[in-house]
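Heads up, there are several structures right after this.
In the two complexes that follow, chain A is the common piece, with chain B as its partner first and chain C second.
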Partner chain A sequence: MSLFVAENLFKHFGGLVAVDHVSLAVEPGETHALIGPNGAGKTTLLNLISGLLPLDAGRLALDGVDLTALPPHRRVRHGLSRCFQITSVFANDPVFDNLLLAAQARAGSSFHCLRRRAAESALRDRALALARKVGLDEVLDRTAGALPHGDQRKLDVALALAAQPKLLLLDEPLAGMGPEDSAQMVALIQRLRAETAILLIEHDMDAVFQLADRISVLDYGRLLASGDVAYIRDHPEVQAVYLGTEAAA
Partner chain B sequence: MNPTPSRAARIVPWALLLALALFPLVAPSLDLDYYVGFVRHGLIVTIAATSLNFILGYGGMAALGQAGFIGVGAYTVVALVEAGFTSAWGAWMAAVVVTAAFAAAIGAVSLRTRGVYFLMITLAFSQMLYHLAVSLRIWGGDDGYGLHAPLELGMGLGGAQGRVLYWVVLAVAALLFAFLNRLAVSRFGYALRGIRDNETRMEALGYPVYRIKFTAFIAAGAVAGLAGALLACHHRFASPSMMHWTESATLLVIVVIGGLGRRWGAPLGAAVWLTLTEVLKLYTDYWHWPLGLLLILIVFLAPKGMAAWFDGRGKTA
Partner chain C sequence: MTPEPLLSCRGLEAGYGTSQVLFGLDFAIHAGEVITLLGRNGMGKSTAIKALIGGLRARRGEIHFSGHAIHNARPDAIARLGMAIVPEGRQCFPNLTVREHLVAFAANRGGLGEPWTPERLYALFPGLKARAGHLGNQLSGGEQQMLAIARALSTNPRLLILDEATEGLAPVIREEIWRCLARLKAAGQTTLVVDKYVERLIALADRHLILERGRIAWSGSSAELDADRGLWSRYLGV
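This part shows the complex of A and B:
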């Protein structure tokens, strides 16, 4: 049985159909890449899956739980967590506070208002573990917004990992990165594959071919093709709309 | 991650509390009797401003309707007095509960909007409450309602008036100050500021964002209601003008000049605002324009509020 199933997802903005009856499945342990030209509807699809945008039609299920009617935060509880294409961290706070805030969301109620959070050593341990996992444990006291771009991306991933997701949604984790940062991020995603299934949007085809078990191609909101790396690489239509332009560029 | 507060920062609140507690005792010998009432009023305004600082400064919700909740609190006292009820504690408690219920109803609608829309809708609700109060003939309508006798505190404390009321108000203000400081470093405080700074990310982290904002909104409303109940006892009078939108705007100015989202923001803002208006009124009937000039000056000198002068020197928050 698939870990995650999306059936006939549909979304339009006025007359523009952004996501046109897309169906998608992610198997347990799988890294599933979603590629397509700019404006193909990839990020919209991710917003529909994470619940930040309401669906017009379709159905979502993760690990047997129907997520369709759940608000975003309830989907996170059920194991669906995401990163953002435009880095979304708490820029004015130190890295450690960012991680504590993420850890706190998962560990118990956030309605305590008399106990000092700093006294909760379990929370600190979790935050520290997250920092180690993505390699930010040397910069815990730095203000998040002042970190180099690559480190902010890592922090964004760490925030999503705090939820201990069954399915992690990554929206262009390599966007705007130099070769060194990219290599680090690819290595990080490689490590994460052991603990969670991943749905990955990425433009860097080298990274996609390295990381993905399966690839789905989106074009004008429709699913063009879905299959393993070799299948997609040799798919004539995919080459025409996407890989071809990349090779030509 | 939290710098340990300096010695001065730990002593100042206690010293201030002691000074304020002793003030009514020494005031008569200094011929400052009038100012006991002035400070008492200032402390009540501080409580009201604290409720706005909580919702706006910590929660990022630009509410322009706190005066409406102040009015609900005051009129709860009026309604109970009209019904023959005399216990001060009971009336204040009731004011908190009733205002919380109003805040829940108004919040349930308002919190579906954000930013300027939220500001406008909270303003609209408070104006509705204002006009409701004007139309309620049994409680005096436009003329307001005078409380002929002070409410009873019991426990041998007598009526809720004079120095005793002063100390009760001081205790409430001090407890609220301490509570807010603790809340700021609690899970709820961090979550609330997280929502203020990045609501979408908080949603994606799994926070029940709406429920957290709703809780904060009700708490802020209830505190404003308590301030209103105390204000009714302070003036021994309640009128619709307490809930006019300009009162909400005044609170907004107090919190902004004091320091949004800073623990000394509300007390400092209230103290400076009330002192300025009081002093300027001594010199001129046309006190509004020099006040305006001074406010502009303050905003230029302390763009993050005057409280920012005292904490985190050299630190950009």
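This part shows the complex of A and C:
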């Protein structure tokens, strides 16, 4: 049984059909890439899946739980986490506090006014483990907003991981990165395969071809093709509307 | 005798608050050249561009452009001298149509014999013609990028600056941008490019400047950069 199923998702804005009866599935442990031209509806689809936009029609299920009518925070509790295209960290707080807050949100513990938040050792351990996982354990005291862009993206991923997702949605995690940061992020995503399935939007085709078990291609809101790397790379319509000749080579 | 460069920087220093980012940049760009500014994230590329376009005041050093000292000039004055930027993030106006973007800033600042007009720009980017009546925020990322380039070209600049012009774009759109830049080069457009696709930049540009911690660590031709992969790994992380 698929871990995640989206069936016939439909969304329009006035006369513009942004997502046109798209169905896709993500298997346990799978890294599934979603590619397509700018404006094809990829981010809208992620907004529908994460609950930031209401569906006009369709159904969503994760690990047997119907998510369709749930608000975003309930979807997170059921195992759906997301990183946005724009890095979303608590820029004025230290890295460790960012992680501690995320760990606390996952643990569901409330703010204790008579106890120091940082004294909760299980949460501290969890925060430290997250930092180690993404390679930020050397910069725990640094203000998040002062980190280099690549490290901020890693922190963003760590915040999403704090919710212990079954499915992690990554929207252009390599955006704005140079080759070195990109390589580190690709390695991080590869490591995450062991703990979560991933639905990934990315325009860096070298990364997509390295990471994806399966690729789905959107064009004008419709699913144009879905298959493994070799199938998509050689797909004439995908080459025409998206890959061009360079990325397909 | 070597002609005067179109743009020259001498000892350029700039930064933000107590943080100094650029430490004495010296370089020149001659008319008709395509130059790239390379380097890892955080090495000063965007700061250097900000200083060139007047968005950040130089703390020390001089910048001369088209015969004028511009290191103390305002951005609008620099733009009127013929410098145009395609900014990171495109920055199209959400409430202007495509056509309005192409006429609102139109001028022949470079004094071109055959200046860019909306019709010539539509020929360069046919996708924009079909969207002429659409607002900036109704365009896809790729269309916005083409519009940002077309908007810069509508001023017929002496120097065109592109800051991460292929970022976040589908491969097929990136190819269109590279083809466009090659055509502009063939037409003699002087261009300064910041981008991360080193192989494409080698194919496009005449010379390259590599920034490392706010200093020019290396400069050379495309052939030299292509031949020395050690530079790629040392300075570019490739």
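As a working rule, the second predicted complex is superposed on the first by the 239 of 249 C-alpha atoms of A that agree within 3 Å, B and C clash if a C-alpha of one lies under 4 Å from a C-alpha of the other, contacts with A are read in each partner's own complex, and residues count from 1 in each chain.
The working rule: a contact is a pair of C-beta atoms (placed from the backbone, for glycine too) under 8 Å apart; a residue touches a chain by one contact, two chains touch by 3 or more.
Computed from a prediction, not measured in an experiment: that's the story for all the values here.
Undergrad: Between chain B (first) and chain C (second), which, if any, makes contact with A:E172: first, second, both or neither?
TA: Once the two structures are laid over each other on A, A:E172 reaches chain C alone.
Undergrad: Report for A:D181: first if it touches chain B alone, second if chain C alone, otherwise both or neither.
TA: In the superposed model, A:D181 contacts chain C only, not chain B.
Undergrad: Taking the superposition as given, does A:H149 touch the first partner, chain B, the second, chain C, both, or neither?
TA: second
Undergrad: Looking at A:S23, would you say it contacts chain B, chain C, both, or neither? Reply first, second, both or neither.
TA: In the superposed model, A:S23 contacts neither chain B nor chain C.
Undergrad: Does chain C touch more residues of chain A than chain B does, or is it the other way round?
TA: B
Undergrad: Per the contact definition in the header, classify A:Q210: touching chain B only (first), chain C only (second), both, or neither.
TA: In the superposition, A:Q210 contacts neither chain B nor chain C.
Undergrad: Go through the superposed model and pick first if A:R106 touches only chain B, second if only chain C, both, or neither.
TA: It touches chain B, and chain C stays clear.
Undergrad: What residues on chain C touch chain A, complex-wise?
TA: Touch residues, chain C against chain A: 40-42, 139-143, 164, 167-175, 196, 198, 236-238.
Undergrad: So in the complex, the part of chain A that touches chain B is made up of which residues?
TA: Within the complex, chain A touches chain B at residues 50, 52, 71-73, 76-77, 81-82, 84, 88-94, 96-97, 100-102, 104-106, 109-118, 141, 159-160, 162-163.
Undergrad: What residues of chain A sit close enough to touch chain C in their complex?
TA: The touching residues are 35-40, 85, 148-150, 172, 175-181, 183, 203, 205, 240-247.
Undergrad: Using the touch definition up top, name the residues of chain B that touch chain A in the complex.
TA: 1-2, 182-183, 185-191, 194, 197-198, 200-209, 212, 215, 317
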